[in-house]
Each structure stands twice: as structure tokens, then as C-alpha cells.
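Okay, so here's the structure we're looking at.
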Amino acid sequence: MLLRLWRDPAWRAVFFQVLLIALVFLGGAWIVNNTLTNLESRGISTGFDFLSQTAGFGINQTLIEYDESFSFMHTFVVGLLNTLLVSSLGVLFATVLGFLMGVARLSSNWLLAKIAAVYIEIFRNIPLLLQIFFWYFAVLGVLPSPRQSISLFDSVFLNVRGVFFPAPVLDSGGMVAFWAFLAAVVIVGVIVLLNRRQRKNTGRPLPWIKTISLAVLLGLPTLSFWLTNGSLHWDFPALKGFNFRGGVGLLPELVALWFALTIYTAAFIAEVVRSGIESVSKGQKEAAAALGLRPGRVMNLVVIPQAMRVIIPPLTNQYLNLIKNSSLATAIGYPDLVNVFAGTTLNQTGQAIEVIAMTMAVYLTISLTVSLLMNMYNRWVALVER
Amino acid sequence: MLNMDNNKDALSPVIEVSQVNKWYGQFHVLRDINLKVMRGEKIVICGPSGSGKSTLIRCINALEEHQEGQIIVDGTELNRDLKNIEKIRRDVGMVFQSFNLFPHLTVLENCTLAPVWVRKESRAEAEKTAMQFLERVQIPDQANKYPGQLSGGQQQRVAIARSLCMNPEVMLFDEPTSALDPEMIKEVLDVMTELAHEGMTMICVTHEMGFARTVADRMIFMDDGQIIEEASPETFFSNPASERTQQFLGQILSH
Amino acid sequence: MQREMIEARKPPVLSVGFIGWCREKLFATPTNSLVTVAILYGLFSLIPSFIQWAFVDATWAGASSSECSSEGACWAFISSRLDQFIYGFYPQELSWRVDLFFIQLAAVLAWLMIPVLPGKKYSLAYGLIVMPVTSWIILAGGLLGLEPVDTHDWGGLMVTLVLAMYGMLASLPIGVLLALGRRSEMPVVKTFCTVYIELWRGVPLITVLFMASVMLPLFVPEEIVFDKLVRAMIGIVMFQSAYMAEVVRGGLQAIPKGQQEASDSLGMGYWQSMCLVVLPQAIRLVIPGIVNTFIALFKDTSLVLVIGLFDLLSIVQAGLNDPAWLGTSTEGYLFVGFVFWIFCFGMSRYSQSLENNRQEH
């Protein structure tokens, strides 16, 4: 009887699955049990109460208001925002550099193509951590002290403490302009939707769509700023004591991480772009050229839009890799999520499980959300085929 | 410089190919080609594969570069000057064997792309012209579909309409029916025949001998990268001069 | 009219050979010529000064950076510490054991990769099953009369290679199992594998290493003490096997269903048809992807620095903090970068050649 059940594939499948559940459950229980015993014997508390305790340590780059008296929850948010900052900078510049290099790799100019190939082969085959160290210690670390700063027009300063730019400061009318800009974005969104519907119904877009959108986006904030008598001045960085004050300063950690992430990821993006462009048949380029389109237009109107279908999925992966790789920040002390939260906060509270679970959850959420969005986009640009 | 008035004269050549030579590496693909095409003339080029016939018409709108000789289209000499190449490509339409429609654009957008970006027409104007030509190739109802949703024959007719939207002086056809199923060949040939009757200057590389007989003013037979024979269709089919032409016709007409 | 046949002629001199090549590839258009000239100018101003710095003016031996010329590279930093960079703190009189490990690894790789050598099956079996055991015995000792060497004393290139080797050897089979599981018809198995794969692919390796180093000791009874190196290995394997699974799954998806059906009809069971028919084809198909995962793994071994292990990068980094060698960071990073690059570039070239071979057949 038992033997017969064993030979029946359906029963066998059930048996294996029950076995797997049991194993996972037992293993989980064993781990939980061990962990609780261990935590108890080490005197570490559990739960998320620590998040409301005072952090008691400072962070050298905060995008929101923060000082030692804020809670551990705030350290989480500060770290997360810093991660998002360096990731967005990296994604933006890696995309630009990657596309340039990918196109250069396919250039008809042999020398340009070879230079791009050498760039790609060098930077994608060297560990990112090493590249971060190189920028941080070997390049930015040997810059002059603030007093001997390298300056550009006496307004941009470069020294061992970072890069300092002048910043525009809105004395008044800033909020109005900000809200006007948000309103403009909403209006343009509505215009775009209307346009799509119009196009679906009649096959024709609304006239002047791009001009109007641009005018609304730029005009509305400017107009409201001007109407409310807003004023603006530039805040120049200046040497005060041992360091620069005023303007916008970028930490050398941020600059090093940003450079390394950009250059490393761009090498991968260049390969993605190259294979995307190569996937567009030669006939497409010939047909476009035969219609009299210039080489630049052939690229922009015919090749790139088609290549994008092939490029988007692996490009998404590269973006996600970049975001995850930004966690290497901790090795040079850039205050990202891993450094601030899974580093300092973990050390201060000792609550490894909660802290690491929260950190992982953040990356997991970002990963899953981005892949979801990109899947939607991908479906949207997918070609209609029989 | 040619006088513009003369240029539009029906008796003046719109394309002049003289002593053109081309090599792929060491391989001599076009050998001393001389060809004059008069305005309104229809020329059919045939020959075995690898004879250089496609290469020749691809040279005429600079998709391929020739190394020796001269090609003059509508008074403009084809050289490395991008301005000249652009002008010639505006004047010369081309239809490919594999259609090469842009799959990411609708049929209508395929037809308006070049008028809008190259001739700087307004979109509305371009769409009006495009619809006219789509009507002429009898697929106005497909205007908002994507190429992938059309049959091969329909795609090739769209490709013809797309070229016509640029209002070309000359149309080049590079084996336009070779990639099509037999039942679709006729619909494309009908469009081409109609176009010929309207007085378009055409150079067709094709093996459709029925089409050649009814439409061609002049037949050209190419082999080994050279023009072997040039004759009116009557003489070409009934009394070919060279042995190679006879052989070729024997093979192609025996089916 | 009949015409004279025209004989084929040689192309004009300007269009072939070196001149033709230059005209076509470097000076085809005015813009192109401008780009070429700009690049040539850049190369001619950079390369000679780099050679001057890296070779001509360089100092090759010495005991501290003060002995190096200020004009050129200070390779003395590398040469004086090369032993440490390769063997870490492994006892000097026992370093032959590390060499033996290197030789074994190189021999197995050569046996596997050079097509003319016979007995690929045996080399694969040896590499997958015997080599991990013998390597551990050689390096850690404590058996066969070999003096035990604590993993705390391991370091440098050997740790990098140990992590990479064990990481690759373990992540491939685990990845294959996960890929099969994700395609399984049993919902529980499928869910389990999918969650595992997506979980590890969604987080950075550094958090996995933190987890392995901080949380793993909490998960097991206090009597069991994991070696730090082993913890790092577990972290790397958990992480990379998820990536490996996705690569293998891509291969499995490319195998037509008919293959499975054909082996079913021959009366093979699930494991038989998988191991004898489907997997061999699937894996052969995705070898480039597998090698890419190996390259990523190899580069990722450098991350163990953050949990305090001394791999090649980490030991050079530590050396740079030595006051005797101040200002030699560029040299240090160039050296480490070069070593990593050789391995990774070699692997990527190997996978490309495999792919080219396949396309030719």
C-alpha cells in the first residue's frame, strides 16, 4: 500500500512538499530558539523600541534636519536619503556616460571605438570597492588642504575636504515658485493624458504639445516668482577657519563614491547599449538614410527607439546593481543607510536582527518596486506584433 | 553647372553614371558601369545573384560608396560632401527587398517621419500627403496600425508610399517582391505598374519578367559586375545578343 | 548589342591597404578626422608621461617610500611586501603549502580549459569533489601530519582565491538546484526557491556579509563557533547561488519542451532526464552567463574587507596605512587592480572564445 503511494507521482509530490515545509519550519524554529537563547545570555533586548531612543551620534551629511538628540529612527531616514542621493547621482551620470561609451564603441572611427572598448574592458573587470578606494585615497585624498584649495573663478573650490560650489538662495518667493512648479507638473501631466486620448481617438496629437508643456513647466514658476516679488542671490563658499562655509559642499566620500559608481556602472551600461543598438538591423538604418535623414536623426528617430526595447531590461538590472553597490559607501565612511544604520546604529544598540532586517527590507523594496515599474514600462514600449 | 530649365527637360538624363568602379576589399564588384536614365524612363535590371545589380542601385543613393567614376543625380554630383548626399537622397526614393519599415512607428508615422524631419513640413500637411499616398496604394484604413500587424504585401506597399511621400524624382526598387509570398507579389506589382503609368522615373532590380515586359522602356542585364546587355524589352526577350543573357533567360523563364 | 567583357582589376591604391584603412576608419568625414586628431593628441600627451612615471623614473626596490624618487612610481612598496600580498600572515616556512594549492588550482583549470587534453570528465569530477577537500587539508593542515594553520593567518591573494574557488564550486550546484526548484510543478518547492532567489538578488552583498558575520553566530547554539572565513564563504555562496540560479533558469527555458517529453517517453525519471538530457544542454547554453557570474563573484570577494578579513585588496590597504609607505596608494591600487583585472579579463575572454566556438559549429 505504502509502496503504491510512493510510486504515484502525485503522492510523491505531496510528500516532498510536506517534507520541505516541515524542514523549513523545524529549521526556522531551531534558529529562533537558538537566537532567543543567545540574545538572552548576551543581554540584548529585542523588538523595535530602540528606534525611538536618542541616537547620540552626529552624521556629517544630512539632507533633513538632524543632530545627536534625534532618535535612531531618524538615523534610518538620514541614511536612506543619503543612499538615494548618491544612487540618483550615479544613475543619472552612469546613464549619460554609458550611452556615450556604448555609441562610441560602435563608432565608425576605429580609434574612438577602441578607446571605448579599452574603457569598458578595464573598468568592468576591476572590483568596484578598489575603484572607490582609488578615487577616495589616491585621488581625492592627496588634494591640497582648504587653505591651498584649487579654485575655479574664485567660486568653485576643490580641496581634501571636498568640492564647494556657490548655491542659489531664494530670499523670498521660494515656496510660491516651488508650489507653482508642482502645479505645472500636474498641468503637464493632464495635457499629456489628454493628448494620448486625442491621439487614440483621432490618430492625431494635439497641436503645439511640446511647446505648451515646456512653456507651462518653465513659465509658471518664473511668473509666480516674479509676480510675488521674489528675489534670489548666490551664496559663495568662503574659507572660514579650517574649512569652507556657505554654498554647497560635496563630501569627498560622496564624490569618490559617485565617481566610482558612475564609471563602473557606465562600463556595463555601455555594453548593454552596444548590444541594444546592434540588435537593430542594418536595413533600418539604410531605409532611414535613404529617406534623407541625417546620421544623427537616424540614430535618434529610428535606431535608439527600437534599441530601447532591448536595452531597458538589462539597464534596469544595472540601475538596481548601482543602488545596491552604493552600500559600499560604508568602506570609506560615506553616511549611507548601511554605514549609518547597519553600522553605527547596530553597534550602539546591538540589535543586529532588527537592524539588518530593516536594511535588507529597504533594498528589497527598492529592487522589487523598480523591477515592477520597469516591467510596466517595458510592456508599454513593446511593439505590436501579429 | 547644368541649366535648371534644361534639367527639367524630358530628354535630359536624370541619372548619369559614368565609368563607375567599386571594390569590396580586393573584389571588383562594379566594373566600368555607364548608364544614363532619362526623365520618366523605366529601367529594369536583371541578372544572376552576385552580379552587382543591387550594389549599383545602392550606389545611386550613396548607401554604398563607389571608388572610381562619377554619378550625377538631377544635376548633383555624388561625392563625399554630406550636403550633396542629402540632396540626392531627398530626390531619390528607395524600396528594399525586406521592406525595412520602422516597427516602432505606426504606418502613418512611417510615412510622415521624413517629410517632417527632412522637408520640415508641418505634421498636419505631412499627414494629409501621407493619407493620399496610402490611398493610392490602397491601404488608408491601416494608417494607425503598426507594421508588425500588416501582411508582407501590405508592408511593401506602405514602404512604397513612404518613399513617395518625399515626392522623389526617381524611385529605386531593390528586388521589391523577392521576400513576398506569390499571392502578395501581384498587389505590389500592380502598385508599381500604376506608378510607372503615371510617369515616374524608375529603376527596378527584379526577376518579375512579366512586369518587365509591360513596364520597362529598357532592359539591362548584368553579370560579373558589368552591364552585359542593354536593350528594349522586345529585343531583350525575343532576340538577346549575348549568350549569357540567353542562358539566364532560359533559366528564369523555364519555370 | 554585344559588349566586350571587362576583366577584374586591382582596386585603386588609395582605397585598400593601410592608406585605404586609415581613410575609411580614421578620416572618413571632417568630424571623424577631428576626433581622430584629438584622440591622438590626448594619447601622445598621456602615454609617454605615464611610461616615464611607471617605468623609467620608477623605483623598484627599497624599504620605505622615502627611498623612492619623487618623480616616478614607488614599486618598492609592492616588491618589498609581495610575500605578504600573496600569502598573508601564513607562516613563511609553510608557504610551500600555499604554492601547492595554487599549483593544484592552476593544473585543474588548465586541464579543464585546454581543449586537447583528454579526460575532461575526470578533471571535472576532481575539481568539483576532490579539490575542495585536498585544498582545505593542504591549507588548514591538522591532518596527515601537516601542521595546523589558523585561518586568522590566511591572507592576501590566497584568501581571494580560496573565497573565489569555494564560492564558485558551491554556488553552481546550489544554483542549479534552485533553478530546477523554481521551475518545479510543486507549488511549495517553487515558492520556496522563488522567494530565496528574489530575496538574495534584492539586497546588496554587503548586508549579506554583515548578516553572515553578525547574525549567523546568533542563529546557532553557542557551542558551535564558525570561523570568520567560513562565515564570509557562506554569505558569498548564499548570495551568488541566487544569481547563478537565474542564469541556469535562462538556459532551462531555452531547452525545447520536446527534450523533456522525449526522455519521459524513454521511461526516464525526473532526475535521470534532468541530469542526462536537459541540464547538460542548458548549462552548455549559458556558460557565458555562468562565467559572468563567476567574474562578479571574483570581484565581490574584495568585499570581505568590510567584515575584517584580509583578502588581496584589504591587505594592500592595510599596508598603505604603514607610515613607512605613505603616498604609495596609487601604486598599491594599480597593483591590486592589475591582478584582479588579469583574472577577470582572462575569464571573460575565455567565455567569449567558448561562445565564438559554439557559433562556428
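Just so it is clear, A, B and C label the chains in written order, and each chain counts residues from 1 on its own.
Quick note on the criterion: a residue touches a chain if its C-beta (ideal position, glycine included) is under 8 Å from a C-beta of that chain, and two chains touch if they have at least 3 such contacts.
These numbers were taken from a predicted model, which means no experiment stands behind them.
The pair of chains sharing the greatest count of C-beta contacts is A-C. When you average the Cα atoms of each chain and compare centres, the chain farthest from subunit A turns out to be B. Subunit A and subunit C have centres, each the mean of its CA atoms, that are 26 Å apart.
For the pair subunit A and subunit B, the distance between mean C-alpha positions equals 50 Å.
Rounded to a whole number, the gap between the C-alpha centres of subunit B and subunit C is 53 angstrom. In subunit B, 82 are the positions where the chain touches two or more neighbouring chains simultaneously. Of all the residues in subunit B, the ones that touch subunit A in their complex are 61, 63, 82, 86, 89-90, 92-94, 96, 98, 100-104, 106, 108, 113-114, 117-118, 123-124, 127, 143-146, 148-149, 159, 162-163, 166. The residues of subunit C lying in touch with subunit A in their complex are 25-26, 28, 32, 35-36, 39-40, 185-189, 192, 198-199, 201-207, 210-211, 214-215, 217-222, 295, 299-300, 302-303, 305-306, 313, 317, 320, 327, 329-330, 333, 336-337, 340-341, 344-345, 348. The touching residues of subunit B, counted against subunit C in their complex, run 21, 23, 25-28, 31-32, 67-68, 80, 82, 224-231, 241-242.
For subunit A in complex with subunit C, the residues that touch the partner chain are 13, 16-17, 20-21, 24, 31, 34-35, 37-39, 41, 107-112, 115, 121-122, 125-131, 133-134, 137-138, 141-142, 324-325, 327-328, 330-331, 338, 342, 346, 352-353, 356, 359-360, 363-364, 367-368. Residues of subunit C touching subunit B in their complex: 1-3, 5-6, 8-12, 15-16, 29.
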